[in-house]
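Shared chain: subunit A. Partners: subunit B in the first complex, subunit C in the second.
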Partner chain A sequence: MATNRSGAAQRPNGAPQTKVCQFKLVLLGESAVGKSSLVLRFVKGQFHEYQESTIGAAFLTQTVCLDDTTVKFEIWDTAGQERYHSLAPMYYRGAQAAIVVYDITNQDTFGRAKNWVKELQRQASPSIVIALAGNKSDLAAKRMVEFEEAQAYADENGLLFMETSAKTAMNVNDIFLAIANKLPKSEGGGSAGAGGARRLGDAEQARSSSCCK
Partner chain B sequence: MATANDDEILEGFLCPICKADLKSASQLTSHFESLHSEEQDVLRSLKEIFGKAKKIILNNDDSDLKETFDRALKFSYQEHRYLDEEQSIGVSRSSTDYLKGVRSARLERYATETNKLLIRLDKLVCNMPSDPNQRKLHEQEVVPWLDGSSVKLCPNCAKTFNLTRRKHHCRLCGSILCHDCSLFLDINVARAIVDPSVAQTSNPPDHETSEKNGLRLCEHCYNLIELRKQVQESRNAKTVLVTAYEQMRSLMDKARPDVVMYEKMCQSLFDGETTYNLTDVNKMRGRIGKLAEGIDLLSKQIIAFPAEPGTRQARLQTAIRQAAAHYIKEDLLSLRKLPTEAQIEEVRRQRYERAEKQIQMERERMERQRDRMEEMAGPSVSRVESNQDDDDNPLLEQMNIIREYIKEARKEMKFEEVAILETNLKELKKEYQLQKLCNKS
Partner chain C sequence: MYQDNEDDCKFAACTYFAKNHPGEMCGSNGLPLTPSSITILGRAQRLLTIEHPNLCTYLDVIRGKHERIIVVAEVIGKSLKECTSKFSFQEIVNIAKQVAISMKFLHDQDIIHRTLSDDNILIDNEGRVKLFNYGLYYMTGGGSEVSFPLGLPRYLSPETILNGGGPAADVWSYGIILLELSIGKLWNNLKPGPILRRILTLVHANNPAERIAREHDCFEQYKQVPENLRNIIEKCLKIYPSERATFSELVEDLTQMDSKELVEVKTPRGLMGCKLQYLYHLWQLAGGDIQAELKKNYLIKNSPPILSMPIAILLDGCTIGGKTGALFDRRLAKYSLDLLKSRLSHVPPQDFYPLMHERRKEYDAVALPKIIRERDTEYQFYRLLWFHRLLHGYPYTAPYIRAEAEIDIPPLVRGDVWAALLGVVGDIEDQYERIDKETPTPTDRQIDVDIPRCHQYCWLLCGSAGHKTLKRLLKAWLLTNPQYVYWQGLDSLTAPFLYLNFCNEARAFACLSAFVPKFLHKFFLKDNSAVIKEYLAKFWQMTAFHEPELATHLHEINFVPELFAIPWFLTMFSHVFPLHKIVHLWDALLVEGPALPLFMGVGILRQLRDTLLSSGFNECILLFSDLPEIDIGECVKESIEMCRSSPRSVSYRRFTNEAEVKDPMDIVEIPMEVLFNEISPRINLSDFFSLICQDKCCVIDIRSNLLYEKSCIDGSINVPYSGVHLGQHELRALGLHPQRVIQEAIKQKKMVVVASAEDETAQLFSDYLVKCCVPRVCILHGGISALLTHVPSLFTVPPKRNGHK
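Moving on to the complex of A and B:
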């Protein structure tokens, strides 16, 4: 798994002028907050009013260019439904970045987002970059979660925070770019999250010992 | 010819000695010869002055042209004479010098005029004020505008000026023209012409903005500037050789990651991994082969460009071809040979056996452990076989999703994605196995 990461930057010929970093990014959040819509907007620039709910986890890739590096996102868009919750750890394990999404018109989803953040802080790589996205900002009239409240929570936990709208594309590219900027881009920086020390729960320890790669 | 008296300026055919106005040149000459004959040298100088003036007056552009015609006529006359004579075979005469003579004279005229315009253009463009009134002053300061009070017709189209057809001035020569005859040079284009180091904005300015912000020019000045621009552009334009070389380089850049990927895929096959199959790797090989063909073709084109043998260009072309051939041979065609289907089977079988053995050992150990546990706890532990409905397992569902993704990625030859997805599939399988084990025990 770690073999693919930032492999391009270590090319023997060293021909490409710009570094290429590959990062695994996972989207988490309650169902119907707009995770898939955010990704679809970011990757394909599209928006569907009636986006079908995701089954399992969807996989997409997108490349963004920073000044001197090309960042390739390997995006895992997980399903928000409770029954798929068991899949999430597989995807946030070894991820270098996570976007936790909530719906600004629904207070419950914000609570669920906080739980996701807690879970990430406990189980995921300690160096993971977490961004909090308050989606559906186009529906500000029906707002139930105040911007300041979320901002304060994000500051407290050291998260990137933006209110986004997949519908109007507001802040969508920005949040991905902000993540790309915050990720370490030194040689092998991409794999630091996976290779570096990880806090492991007891259950995980048993799992990782059976891991061959 | 004016002679200064004490306070007023006299004009006319004045005698240089007595300052009497003689009304005409011939009268002045006879007056001078009869009355002031002792001062003959003065007369001579006077004659010289007249002669010079005459020459200056007559030596306008027409005379220049006339001279050219004269020479041309002389030339054609000479040619006729040659034709009249019996011309012996093998005698040839070079007209190059004649051509050069005519051409350089003309070129020089264009060059000096263009240079003059360019200098003015430079002055105009640099520190051009944005305020319209200031700008007008600035423009008039650089190029004095012709006084148009006596001009009744546009010199270009000969239409009368009136309320609707206003007089305008060419910003480079100051001449008068009407709006319909004016052409506009965009200020940014002008800047690029004056200073080629300034990168010109790639999209050509549309007519609207040019007219509002551009420099009004007469056709003559515009054509000269345009010609200059074309020369400048053609000088900066890439030659066919450079284009071919750049194409070749881009193919090489494309090939490089493919080769790395191929090596990775090949190694994976030799290791008995199931991430890629043989057809994948063959497809990749085919793609690299196509790139190699492209590079080969382009480098052959490059060496085929005509060049004098021994010149630097010829040497460069040969060097490019050699480098390309070397690159193809060393990097693209020296790819590792693929294992045969049978070899792969063999490796995979071995690997499978090893894994089987390991699993067997694990299982035995588990059994022993459980036996010991059962011995300690007695036979009261009843195994609960929680037979989960497998069809509904999200893990299995996800595995199917991933398999679909892999199929798609394969089709699009995105092998990096295939690797990511295969890894994930393996993780899922492992997770599923673990789950089953947990349920069993």
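Moving on to the complex of A and C:
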């Protein structure tokens, strides 16, 4: 389906025993930190300077291949404006992974990211894998959030952490790969919300669990 | 240049290059810098709105390749430079007066000319004078967006040469021009450098005018100039800008000298009497192409690209060499209107003056899609003339405008027509002026990050002029609507109004202010969840109503509108489609009213129907995250049809700006929780009654046979709910007679109204019908009992039918 132009990983040719796991991933963070841009870079390998703001949420999928598993991400890119906050649970409920994004040139967005982490720790599935992304690392000259500060925060809270740039593509695929690696890929699949991966083919199950009712 | 009849040349073009930003430089936000040409275009928009009898109206400013700017404007007669015969002093005073009037007008608007010269003052045979391209300095931000110097050296004032100068510099240039008209061309064979040096040496002169005359051996001739004219010249040619006369003073002086009224040039009748903007627009529709003509006239040269490659590129992106041709071309290319004339030659003279109350002309073109009609010269000609008249009579002509807008709206007057449709009247400038649009607020950060992402493919909105205006509009709207807050998306909603009223900010604001209460009442409340939920629920009901099969599929895969339709309605699709599509959607919206958007939503689903029906949850949601091409013309047509064929009460919403419904016959409101559970909408008694009277509905009474046989709605059929197998989604399961009746109703596009004694069974049965793919199913609000109370006349005792189903 979704072609992988980002070169993160190639589908191994004819490896019949490859497991296919499907994970729901949600992006959270203050408006204009670059959530949509990160997804666009990861899924289509593109960067749009004038990326439109997200209202409600957008959905995209992308597949990455690990050694013995194919991981399919179902990505929910949410709206960043605080007012849309009430919609967020609809998207992070049942998510196995989250990327909380802030903009390294804006201290406030880092504060907002911390709030998101707290909320996820309280409300989301307990086994959720959370990654923190300090985006716009290409604008290092205007940096307001120190790398060490964010790293320390991530360590304290057991988060994956990377500074990324949707513009230059730096660390974009890497952060998704790191998440894929950290996600439990148990054979049985497990139901959504329990944190386990679902096996594809169990189509009906997959569909209904994606719904956000 | 063209040798045709001069009168036919109504407009001309000239061209220059905007400055190149060296390399691919980015601003501090990491985004690329706005190209100079975009900034120029944004600034030039204001010039397009200026109309004055002594100014050549600007018609268009175009961005060509490689930062080329092409300016199209009205022309008349020829330039002073081209006039070879000498003017009499009488004539000079006449020219002086008209130029002074136009310059006063410009200065009153805070526009500095800076490039006033003998080649941009045009004069026709009647002695009428107009300035051409007086906005070069203005549109280029005082020359900062171009890399060539502005103005001809011999007209530059001393302070301009020394890198300064305000409006008074124009007075100097004006003085030089009058002096030249009186004693002949100055510094004729000198190169720019020496000319500038000559002008600077005047700094020591007591009377620069006399000094110049002496330098040119024309002192005697100068003394022949009537004293009052000499006075004028000398008042202008003062070294110190503050000592020079202003144009208002000059106009006064000149009016006293020349009491003769200006020749009243009669506007010609027929085509040439049409508004110039219309002529230009129609000329383009008829195939006129500014760029192609410029090439023909060698103002744009086609040289092989290799010749224009830079010789060297420095590491910082600067280039050396390679640029061919001048950055600024002083020549004009004049355009003949012959093409247009012959295209419209068969239009009878009376058609130029349509009478308002005359029966409308029928055009064949109405059958064609709107985008084609918009490109049809003749059709647009008629439409423009007609709308021109109607708009002239606004607000009295409002109903006519609405009726015409229903057919289509000529793109050229869309901004005016929208304002009329929205009922914008009164002193909107003054109201807008009073609003504080500058004081910072906490919302600014969100607005600031949204604006550079809002319809940025549009060159009007992506420049700094566009950004600033959009921000002011948003701030003004928020300030005047304290009950509302800024939701992301409000920027997109404002964009179409800005786009159509780029130089009429007050009107853009008035349109937005009128639009929201009509179409998005309460959407921008801090807590808008109930409003949005109701809207989406109604949208989903309308989908079931018109597209039952699709609705059933989407329900089955748990695909809910909350996941994709919020931006559709919150922004009335302005966040979803590009501007050229939004304008067509909104054309219809403004005419049809606030129920239409629900059906537009259904119209979009309908276009994607086949894909959606064969897709699961993920594919469906992917489809909406990256919406495929939608045929807006088709979507509009279908949605209007759906909207008009749906009884009003079916799309009832409580959160609207309309008067509260009191009559029990008109009520359809139900508690929100009930609404969220009902797949089919309810119809009120009034609508039901009308449908019955028009024989437009099929009534299914689902009470028990016993009750039905006592008394029932005339013409209804009885399908007792207790006997229905809800699991079997086939009409056949209802029995032969009901199946036939319903199929016939579907064929005749009738409403299928479920009438029951209890809400719950009505709900379940209507769901069942939807699952059987029956369109136009609705529930009779209040059921049989309410109808019996209010319209007992509809009831009858059914004839006994022998034999059971």
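Observations on the model:
Convention: the second predicted complex is superposed on the first by the 171 of 213 C-alpha atoms of A that agree within 3 Å, B and C clash if a C-alpha of one lies under 4 Å from a C-alpha of the other, contacts with A are read in each partner's own complex, and residues count from 1 in each chain.
Here is the rule we go by: contacts are C-beta pairs under 8 Å (C-beta built on N, C-alpha and C of every residue); 3 or more make two chains touch, one makes a residue touch a chain.
Quick caveat, the model's predicted, so the values are computed rather than measured.
Look at A:Arg122: by the touch rule set out above, it reaches neither subunit B nor subunit C. Once the two complexes are laid over each other on the shared chain, residue contacts for A:Glu74 go to subunit B and to subunit C alike.
Comparing subunit B with subunit C, the partner in contact with more residues of subunit A is C. Once the two complexes are laid over each other on the shared chain, residue contacts for A:Ser86 go to subunit B and to subunit C alike.
Using the contact criterion defined above for the overlaid structures, shared-chain residue A:Tyr50 touches subunit C, although it does not reach subunit B.
Within the superposed three-chain model, A:Thr61 lies in touch with subunit B and with subunit C [touch as defined at top].
In the superposition on chain A, A:Lys136 makes contact with subunit C only, not with subunit B. Residue overlap on subunit A between the subunit B contacts of one complex and the subunit C contacts of the other covers 55-59, 61, 74, 83-84, 86-87, 90, 207, 210-211, 213. Taken together, the subunit B residues at the contact with subunit A in this complex read 253, 256-257, 260, 264, 394-395, 397-398, 401-402, 405, 416-417, 419-421, 423-424, 427-428, 430-431, 434.
Those residues of subunit C whose C-beta lies close enough to touch subunit A in the complex are 28, 30-32, 446, 449-450, 452-454, 456-457, 462, 485, 487-489, 491, 526, 529, 557-560, 562-564, 566-567, 570-571, 575, 616-618, 621-622, 624-626.
Of all the residues in subunit A, the ones that touch subunit C in their complex are 31-32, 49-61, 74, 79, 81, 83-84, 86-87, 90, 136, 138-139, 142, 167, 203, 206-208, 210-213. If you check the complex, the residues on subunit A that touch subunit B are 1, 3-4, 7-8, 11-13, 15-16, 55-59, 61, 74, 83-84, 86-87, 90, 207, 210-211, 213.
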